[in-house]
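Below, chain A partners chain B and then partners chain C, in two separate complexes.
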Partner chain A sequence: MAIAALAGPTVTQEAPRKKSRIALVLLLPGIFYLVLFFIVPFISLVITSLQVPSETNFGQFDTAFNWQTYVDVVGQYSTQILRSFFFALLATVFALLFSYPLAYFIGVKARRWPLLQGLMLVLVIAPFFISFLLRTLAWKQILSDEGFVVSALKALSVLGPQDHITGTPVAVVFGLTYNFIPFMCLPLYTTLERLDVRYLEASNDLYAGPFATFRKVTIPLSLPGIVSGTLLTFIPAAGDYVNASSEFLGGSSSTMMGNVIQSNFLVQLNYPAAAALSIILMAIILVIVSAYVRRSGTDDLL
Partner chain B sequence: MSAQEALALGRTVATENTLAPKPPRARFGLGRWLLPTYSVLALVFLLIPIVYTIAFSFNQSVKSNISWRGFTFNNWLNVCDQPGVCTAFGNSMLIGVVATVVATVLGTMIAIALVRYRFRLRGAISLLIFLPMATPEVVMGAGLAAQFLSAGVPKGIGTIIAAHTLFCLSFVVVTVKARIASLDPALEEAGRDLYGSPAQVFWRITFPLLLPGILAAALLSFSLSFDDFIITYFNSGSVQTFPTYIYTAATRGIPAQANVIASAVFLLAIAIVVTTQIASESRRKRLARATEAV
Partner chain C sequence: MVAGSFAEAGADLELVGLHKRFPGFTAIDDLSLTVPAGSFFALLGPSGCGKTTTLRLVAGLEEPTSGQVLIGGKDVTGMKPFQRPVNTVFQSYALFPHMTVIENVAFGLRRRKVGDPVGKAHEALRLVELDHLAARKPLQLSGGQQQRVALARAVVNRPALLLLDEPLGALDLKLRRQMQLELKTIQTEVGLTFVHVTHDQEEAMTMADTVAVMNKGAIEQMGAPEELYELPKTVFVANFLGQSNLFTGPVVESTADTIAVDIAGTRIVVPNSRAQVHTGTVTVGVRPEKLSLLMENPVAVAGQNVIGPGRVIDVSFSGVSTQYIVEVPRLGSMVCFAQNMVFGPVANLGAQVWLSWMVDHGFGLADVAEQAGAKQIGTAEDLTALDSEAVV
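Right, the complex of A and B next:
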């Protein structure tokens, strides 16, 4: 990374400044697109969140400066807001614990067999290629009351006779974890694949046990992968509403922020509330992400 | 003694030194098998719902496709019998192709500019590209829907394509940028030394070298677009894509034909990935042999 940082500016400095007109031509269409379909929608989201219901046309909203919506939605949906971030945190931790050993095996231990490495990597990303919704529905069937998982757990008395898995927070966190494992695994693999095993040998030579080596050498060296993996899992998990929706793995006790935004926007047509919740979700995520990135000391995510 | 030899020597000395006073090698006997076993089990776990989905594409389902009623090829042979499935699939293909082409062209241009040119507002532009990836889909979907609503644009295929191009764009920039950064600048210098014009150097050296990265970005874009549900649902109006079809069908039961399409897409994607991997592996071997021969 230090080498890349050194090489970056020197290479670009060679690029003559008079060619910046070409750069402008290359950038302009894409940047225009991003402004039109990312910045402007964000502004219209802010405007929408401040609107008030129209007094003349029922179901319409007039432009205003109504901060009250924010206060209302926070009061009304505080449970769902907290739950979203709690579920996302749990899913991120579980996905990290699940993925790290797997990524370590593929990236470090399987290096000697490139074919095996390639095959395992394909299997890790395989869930990407089958419909996200069907995957989640498959888990719903597998974990349903008639399924063998529930009957087995009931036979073992882990679950009581009246207990379910689907529709509970456990199922939602399970679904979130499962669905975002590839997002965690891939960045972990990318950093672990470049891990120089001589550092591990050096640590061993200096009488560090396997645990100390792992904690003091392996983890710090794979930190960039951990940071981007956790972000790639946490952000979509916090905003997800498929896993938590009652047609999939969730129930009334597991509704998340995404479900509330979706139902306010598309069902109740309460656009200001949905917009205010979206802005709150985005703001919290930006605060968490920037604090997290600063603390972990890896600024170059891009 | 070269540096590598020194390192190798150092390593053997080091291992000889450290292994001697360390008796508990047997402890690693279990450890040696623990990680591979875990990895295999973890991969099996990841594949469970995929196998389930493919298996149920062969189910003799009547109305809903929940319980197993026997094996049949009928669903595969009559995919379009179920109303809506094939229309939704066709819409998804159309949207995926258009969004991928637009996002790949725009994203590649931005990536080249970001790596190869210096200009003001570089940081701001990098941030503008990063932000869509850090935005939860539900926020992006609601934002676009709010914009289309206030601008009076009717929701349909066009709004879905606009939305998909947006979220694919950032991923294309990141993927292609990584490829450009890994290019050996000596190759382009050689082209210039041989009196290649900038255009010739670009189209005959840079572009062919970038092509694998661009194709990877396009593949990623298409799979992101094809499987996107959340943003699409906010901006689709009455148009059904394959994911929104499944979402709306989920309440009354998914027909087995949906499993057929998902399974076919899955098998095709895996075939493409495996083929490209084998191809790049054999190319790498050929190159390695060629450099050895030189």
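Right, the complex of A and C next:
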């Protein structure tokens, strides 16, 4: 302030520059964080993905420009890549189908009973209080061959005597859906909670029945919630390696990209392949997400 | 309404013994009325009197606790809003924010599968002079423009019955006047039945053929605007519709044509035909513009009521007229409007004046002012908030 006062007539011109300097100072920690923990690791990842095995030191890798690794991993793991996105898509669709009515009830129907609204929100968020690893393990127990679910389904002849649930794609998609429901539910709830029911009344007044009103008014007005919910579910689900791991709900027939990356990094110690797969995963998600956001209308999302 | 067809003309609306109770209070208490086809009907009342609830009951957005709603002679009480031949211009406009103006207007036509919805929507927008903004989103329009789009969106469906819920509330005075005229023109042109809810007495009187004054969930008085203004039947109507000078006292003389009421020693005469009650304690009144302000005590003339002397305690100039408040001992303060026939006020502050009016201009009310004065008026905000919640 003292300096500004001394500056005299130029004060008004100085003001905006001072403001931008403050903005820069405030941004600095964020920029520093992003550079250190995103840009640098990302460059390192790109470099690793292009490395070749060292000819002199076994187990070491030399810097090179070997883009052939990308071609190799896509050829080798195309099944797992496609499966990852298919599973993520299924989990997103199921989570949406399950969460929308739930979020609609909490956000719109339960407005008259704030207590019920609060209680139901707590129930949606409560699972976060327990590690998702533990919850997924619990599901492994529940769905295990000795568990009551399998025995009951076998008794009803839905499952054959040799069938399992754990280790199958069904269990993995179930696990993904279950784990991501809160991520779908909360953004949906926030948009539906703000939904002005007077629009629904107007639609009703203009000859639209319940179904037409839902399709023409409710869904478009809750689109921001649908878009952020599906993104929050699809992106992490596509790269998830816990549910599909054989230690949890998965098996050899349900391996996803995350598991392949994990095994390349930690078991096979094939760092270039793992790095290349990671970059491919990131790139595909980026393409899908930007196409999706563009189609559903960015102005609604922002 | 049959899909793809327009109503040939407005339909009449009949409400039979309508009750609507919300937890804790009664919004509509035994309401019965008939609105003839093709008329412009105004429901006028203070905030919270149940007029919006009445409209929502007609639109089907609210279910009556008991009673019936008939449109064109057909009982629609059990019908859903989208099945009723009714459209509403909402107080909040409720234009769909995700659709363009033209899509908003075409919405109802599309739902009913009317041919050429976009063409008809453009036609409706031309009627409200907004066709050039058809491609905009509602939030890009001003309040007045949004209001006109809301009107076009309802009128385009040619409903047998058009409900207007304080649609001009958000407009400034000039635009309000203009929209009032446009509404009236549209109503006459397309021959629809309009039911207009408002708390603005001037709006109700200028636009409607019939005005019903509502208070506490029931209709106090219904009739042509002039009739309601010149001959109010209750204290509420006398005070809500314009201003009134009211006096309460016992009837001391009764002839074949008139009754005379004693008000703290002053006799006020009212024609029998204009008094609702002829014996006991009655409240009589006169409109402020019917009063003449006199600077000296006039010679008693038959057919004139004179009170005074009183003292002018307030003079406020409003262009075409001047409002005087005259304090008359034992009678209280009276309001008098005088046309500005000369420059400046005719009586100055503190001047001693007499007030006179023709006996034929007075009226006698059915209820007594002191009791009626205790009536409390609820708040509309509570009611509307409850309304929108209750629909969910």
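Simple rule for what comes next: the second predicted complex is superposed on the first by the 280 of 302 C-alpha atoms of A that agree within 3 Å, B and C clash if a C-alpha of one lies under 4 Å from a C-alpha of the other, contacts with A are read in each partner's own complex, and residues count from 1 in each chain.
Note that in this section a residue touches a chain if its C-beta (ideal position, glycine included) is under 8 Å from a C-beta of that chain, and two chains touch if they have at least 3 such contacts.
Since this is a predicted model, take the numbers as computed values, not measurements.
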Check whether chain B or chain C contacts more residues of chain A in the superposed model.
B
I'd like to know which partner A:R198 touches here: chain B for first, chain C for second, both or neither.
both
Answer with first, second, both or neither: which of chain B and chain C does A:R112 touch in the superposed model?
second
Which holds for A:R295: it touches chain B only (first), chain C only (second), both, or neither?
neither
Set intersection of chain A contacts, chain C complex versus chain B complex:
109, 198, 201, 204-205, 207
Per the touch rule, the chain C residues reaching chain A in their complex are 1, 59-61, 80-82, 86-88, 90, 92, 94-99, 107-108, 111-112, 153, 157, 388-389, 391-392
Where on chain A does chain B make contact in their complex?
4, 11-13, 15, 17, 19-20, 22-24, 26-27, 29-31, 33-35, 37-42, 44-45, 47-48, 98, 101-102, 104-106, 109, 114-115, 118, 120, 122-139, 141-142, 146, 178, 181-182, 198, 201, 204-205, 207, 210, 231, 235-236, 238-242, 247-248, 257-258, 261-262, 265-266, 271, 274-275, 278-279, 281-282, 285-286, 289, 301-302
Interface residues, chain A side, partner chain C - complex
108-109, 111-112, 196-209, 212-213, 216-217, 220-221, 223, 300
Within their complex, chain B touches chain A through residues 7, 11, 14-15, 17-18, 31, 35-36, 38-39, 42-43, 46-50, 52-53, 56, 66-67, 106-107, 109-110, 112-113, 115-119, 125-126, 128-132, 134-140, 142-147, 149-150, 162-163, 165-166, 169, 173-174, 177, 181, 185, 223, 227, 229-230, 233-234, 242-243, 246-247, 250-251, 254, 258-259, 262-263, 265-266, 269-270, 273-274, 277, 281
